[in-house]
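Think of it as A, B, C, D, E, F and G in the order they're written, each chain with its own count starting at 1.
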Amino acid sequence: MTLLTLHTILTTYLVLGAFLLAIGLYGMFAQRTLIGMLISAELMLAGASVNFMAFNRFLAADPTVGQIFTLFIMGIAAAEAAIALSIVLAVYRNYRSIDTEDVTDLHG
Amino acid sequence: MSVLASSDCKETFVLNLGPQHPATHGVLRVKLTMDGEYIRHAEPVLGYIHRMHEKMGENRTWAQFMPNTGRLDYLSALSYNHGYVLAVERAAGIAVPERAEYIRVITVELNRISSHLVWFGAFILDLGGFTPLLYAFDDREIILDLLQAVTGSRLTYCYFRFGGVYNDIEPDFITGTLAFIKRLRERMPMYHNLVTKNIILIKRLKDIGFVPAEMCRKYGATGPVLRGAGVGYDVRRAEPYSVYPELDFDIPTYPEGDCMARYMVRLDEIEQSMRIIEQACAKLPDGPVMAEKAPKIIKPAKGDYYAAVEAARGSFGVRLVSDGTTTPYRLKLRSPSYSNLSLFGEASRGMLLPDALALMGSLDLVIPEIDR
Amino acid sequence: MISLALKSALAALAVNEAVVTDFAARGFHFDVTVAPDAVEAAAEILNLEGFFLEAITGVDWLADGQMEVVYDYNHSTTPGRVVIRARVSRATPELPTVSAIYPGALWHERETHDFFGIVFLRHPDLSPLLLPEDADFHPLRKDYTP
Amino acid sequence: MGKENLQDAIVQFAPLDKLLGLGRANSLWPMTFGLACCAIEMMATGASRFDLARFGAEVFRPSPRQCDVMIVAGTISKKMAPAVQTLYDQMPEPKWVIAMGNCAISGGPFVFEGQYGIIEGADKLFPVDVYIPGCPPRPEALIEGILELEEKITGSRRWPRVEAG
Amino acid sequence: MSGYFAEIFSGAKSLASGMGITFRYMFKPVVTVQYPHATLKMPERYRGHIELVKDPESGEPKCIVCGMCQRACPSGCITVAGDKLEGEKKKVLSKYVLNFTTCSLCGSCVESCKPGAIQFSREYNLASTRKEDYTIDLLQRLREQR
Amino acid sequence: MNLHSEPIRLLAFLVGIIAFAALNAAYLVWLERKVAGHVQRRIGPKEVGPFGLLQPLVDGIKLMTKQVLIPDNIDPILFRLAPPLLLIPAVMSFVTIPFSETLVARDINLGLLMIFAFASINVLGILLGGWGSNNKYAVIAAARGVSQNVAYEIPMLITVITMVMITHTLNLNEIVRQQGGGIFNWYIFRWSANPLMLISFLIFFTCSLAETNRAPFDLGEAESELVAGYHTEYSGMGFGIFFMGEYANIVIGCSLATILFLGGWQCPFGLWPGVHWFLIKLYILIFTVILIRWTFPRTTIYGLLNLSWKVLIPFALFNLILTGAMIKIWPMIFP
Amino acid sequence: MTSLFSQEGLTGLIFLVLLGITGSGALVAVTAGRLIRSVAGLLLCLIGVAGIYYFLNSPFVALMQLLIYVGAVGVVIAFAVMLADPNPDKQPARGRNPLMGGLGFLTSGAVFAGLAFLGASTAWKRHMGPPTDSGMAAIGKSLLTTYSMVFELISIVLLVAIIGSLVLARAGREKI
């Protein structure tokens, strides 16, 4: 096993997946902004996807399963990003509107 | 976990348009307070090309101020020449021979067409179309050639004199002018097909940039801006000067008050100017072009005098205060774009940036005339 | 032409005599000199009649120790130029703004302040318009030396 | 925009200078920058009748960062001077300035005793390479100015000289 | 709904007709005058900077050093000086300098010149790297022309 | 599916492609200036080399030797990252474009998908370039560019899906092969596949104009509004790279339209297929793009979004459904 | 030992580069001082991951990763940053909670160590048997047969997300 043949063994991918997951986890703790946490979540999802793909490539009986799973993860991520964007927008708007007279809206 | 934990929540930002910005046609600066691409507040900042014309007027003789008028609004310099000579002639009581009046009208109207052509091109350029500008310049070059043959300059004419014009026209000027009008008549449908009917342009101009008549009145806007709001005010008709009463022409008005209306008013004015020139060429009498009794040294009687002309951008007024000497005591230039621009702040509120620029383009600004 | 009612209303404000001028000789129809405090009232009268404000300018009468502020009004449908003048002393050149009635006057008054140093009371912003932002000179005053 | 961190050009060898000169001289991109009357003549020069494009100089860039030559076309007022100076500073080297029209050369007709508003000539602000007199100069004069600038850059003139007449 | 389709249709048509125009213009002859290779003819009255007129008989300038042009010039760009030779009535022109950089080509000088000693030159393509080139000694220019 | 089949060949093609992209960028600028000139009845570049052909070279020399100004208060990393981010994906996309049946760097089965994948990256170049410049004009331009790109990706992808339903493949060469045998086998005229194929083509073409930020959709560079858009702060070669990327994108957009609708390297008469046909069609399309730029005024952002959401997407969706129906119904009528 | 200049060596090198991009991108994403740089890091990381998918014999997923993640998700996040944080100048570097940071570091370190050890030490049982087709067609078929339920579900999730985000973004927006 040399550095140049790393891509042929499963362990590399698993370690990479673990690394991405762990770094995402760290980000979840360390980041304080909504967007930062979203980024960390994306990293964790990426780690999981790498793992799926690796197992799919090296171990699975039906090599479509992992790919489909990864595709689903992408779909989820896209949905998540869309929601996150709108939340950011809403929070931003709300935050601004506190400055103006719209505060009463909050009390109904 | 606020998104905005540390940002200083300012909902708007200030965008400085200019003083060097392609859209401001020179050195106007507009301070825009923007909310995204929406304009919350627009404040034009003037004076970047303030050239002290009014101060210069007090330092020179009446005749020496003439070249300055050509540099106020360099696109329709002859209108400004005309306004100034009218005021001084009124003050000094100089009568102008009829031939000179006709020559003045022909050249002024030619100049108005060339000014509108530049406006047309520059306006489309503001909207992102480049080719119409050069087509308009093609036609304009012919006008400039005609005027250059008469006046000797291409742009900043100093052609009118108190009591007449600098020199007489040549016969081939008339034939050239009529040939040019024929050519422009043939070109106008091309402009309409290329630009006016274009769906993108219609979408960008229709119902954009409302300037209602009441706003025009409050800000003193005149010219195509006012006529685009449905008020048919035109100094050539309201306070007839020169030989305009003898000429038959319409004052195009459009009631909508949007950019499209102002655009159409100007294009129609080109047609009307062509009519005026044709009539004037037909009626052109023989005779001198300079009043014989015109004094060499002008000393108007004490008092103040006003004269207004319809320049390409609106009513240009000259207020002279004379103390009976060879230099003006006070010389006030009332420039149309100054008033037209002053409504920009109110009219552009809540507009998108590109629409506001369309509005600004449709006001047809010439900055040196505003800053004077 | 200018209606009789308008003429009498303006004449009531006049300090001297309200002059009906010969348009062909002077370029305007009606010339009224009012007291500095009355420019607002005059503007109000003209506003109700549907006039628009063409320009505001100043004239420095150094010899008289006075400054004159000239308002040019015009009407877009029934032509008739009305000139309203007011004289203020050069020492305290102050008079009220008409910008509340004609927002177009905002710039004209700023410009007049630039050139003559005439102060328009209750004007929201008299910072230099045509002169540089930090300008503190008034170049069209007759005693101005750079 | 503040000060800039300057980085030198990538290639700088003496033998290449001629090539560089040719390259620069034939690709003078002016700034979309008009001050007054002369700007209209500048536009006319770019228009079909005179066509500045023949010399590769029609690429009017609105951003000073992408320009090679600044055509000062019109009067520089004292209020405008700092902005013009900033624009000049924002242009990357090598850069040239053409003073078009009498106002840009010396203040032109607006110079008088006791004037308070204008800068008497662009060369009071920054070095000017080519002067084009006139009020305003004809488009031919602006083309001539561009050719003059090319001559200054390359050291020789490729085009015939035109005698007025 | 029909308006929707009609708008799309008319819009597409307008775009196509616009492109038709530009496409047709592409094959029309160019209007460019290729300046250094071909030139436009300046009209008779073209105003270049002024120059002195030679007296066809004597070959000397027609100028009588009256100074009218100098006085008429709004921007003071003409400097005239003459020597009074002994025994002669008239002054003889010794210096005629035009500072072209402040000239506004208004023609006042030519107009004011009674003997017709100055005229507009045909210079239209001046450009130089030196500012001093435009302080033109017209007398010397006249001498070089012969 | 192995990466290392012919690395040398790949490398050669990569060099060739970069050269092609660079040459294209340079000479498209020349073509653009020349076409613009003649549309406006002037000459365009002429004095530098015969017909001004050396003009791009000269401009290149100048841009390369121009001082690179890095403004002070920018984000230096993003500022430098953006131009390559715009250019590299564009160049990479050339890898799978079949210039002729054999002249293709890598005949990837997923070619179509790959082009779209790379095309979606270059939005980032605009976004980061605009943001990194720390210039208000650039930021507005970047925001505009992105919303425009996102809006037009939808009708474009729907149209492409329609095409894929008809062609049954994502392999570009295969798509071209299906269009052999004369002009009526080109997909743009293949009424049997879908009677509205022409509309599909127009939608695709409009979208590719918008995706490449070309007039009349050049909001990101609208010079009368935003000075120079997202590359306002770029000077010298940074600007040059942006320029190249833009033109490379145009070439890709037009190549794709050629391949999908106009039969790629197929001859209109079914004879002598080859690279020349591809180039002829490609340059006719590019010429159209240039002519459009010099004819129309610019749209506004809402006009643009209106066009996308109210016209293009409904039409594209209708096309999609119609195509699906055709695929099912056609065999029933003509078994 | 594989030579660097052979085909395999080159492939391996490219893989290493991709690994580097992925890892450094991820690190930048969580440690960068400015949000926009975090996003750039994330995008870099995702591009790397796409390359790694390519090595894992699924170019389709790799390209989808580029298209969806980089092209769509990344842009959306970058957009969110631009909208919410318009003034990068005035923003000081974001302060982090040292306690949370430390805790996060420990936890993630532990997770990483555990997972990596597990991955490396386990003797994974290779699937023996004929390799099946893993092309796009197979994926498509599975999506519409075996996993059709999930497929439908995910489309519903997306639809709900779109509507939800529209509702959220629309709320409180006054008409200008």
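One rule holds in what follows: a residue touches a chain if its C-beta (ideal position, glycine included) is under 8 Å from a C-beta of that chain, and two chains touch if they have at least 3 such contacts.
Worth saying up front: this structure is predicted, and the values here are computed from it rather than measured.
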Among the remaining chains, which ones contact both chain C and chain F? B, D
Is the number of contacting C-beta pairs greater for D-F or for F-G? D-F
Between chain B and chain F, what's the gap in Å when you average each chain's C-alpha atoms? 43
Distance-wise, how many Å sit between the C-alpha centres of chain A and chain D, to the nearest whole number? 53
Counting only Cα atoms for the centres, state how far chain B is from chain D in Å. 28
Rounded to the nearest whole Å, what is the centre-to-centre distance of chain B and chain C, using the mean of the C-alpha atoms as each centre? 24
Would you mind listing the residues of chain B that make contact with two or more other chains? 3-5, 13, 21-22, 47, 50, 52, 55, 67-68, 71, 131, 134-135, 138, 156, 194-195, 198, 200, 371
Hunt down the residues of chain D that sit against at least two other chains at once, touch-wise. 32, 47-49, 51, 54, 62, 79, 109, 112, 114-117, 135, 138, 159
Among the residues of chain F, pick out those that touch two or more other chains and give their numbers. 37, 39-43, 46, 73, 223, 227, 294-296
Of all residues in chain C, which touch chain B in the complex? 23-28, 50, 52-55, 57, 59-60, 70, 72, 74, 76-77, 79, 81, 83, 102-104, 106-107, 115, 128-132, 139-140
Which bits of chain E are touching chain D when the two form their complex? 30-37, 39-40, 42, 48-49, 74-76, 99-105, 121-131, 133-134
Parts of chain F lying in touch with chain E, wherever the complex brings them together: 35, 37-43, 46, 291-292, 294-296, 311
Residue positions on chain E within touch of chain B in the complex are 7, 10-12, 14-15, 17-18, 21-22, 25, 31, 43-47, 72-74, 104-108, 111, 120
Chain G residues within the chain A interface of the complex: 1-2, 4, 8-9, 11-13, 15-16, 19, 22-23, 26-27, 29-30, 35, 38-39, 42, 45-46, 49, 52-53, 55-58, 60-61, 64-65, 68-69, 72-73, 76-77, 79-81, 83-84, 94-97, 100-101, 103-105, 107-109, 111-112, 115-116, 118-120, 124-127, 129, 131-132, 134, 138-139, 142-143, 147, 150, 154, 157-158, 160-162, 164-169, 171-173
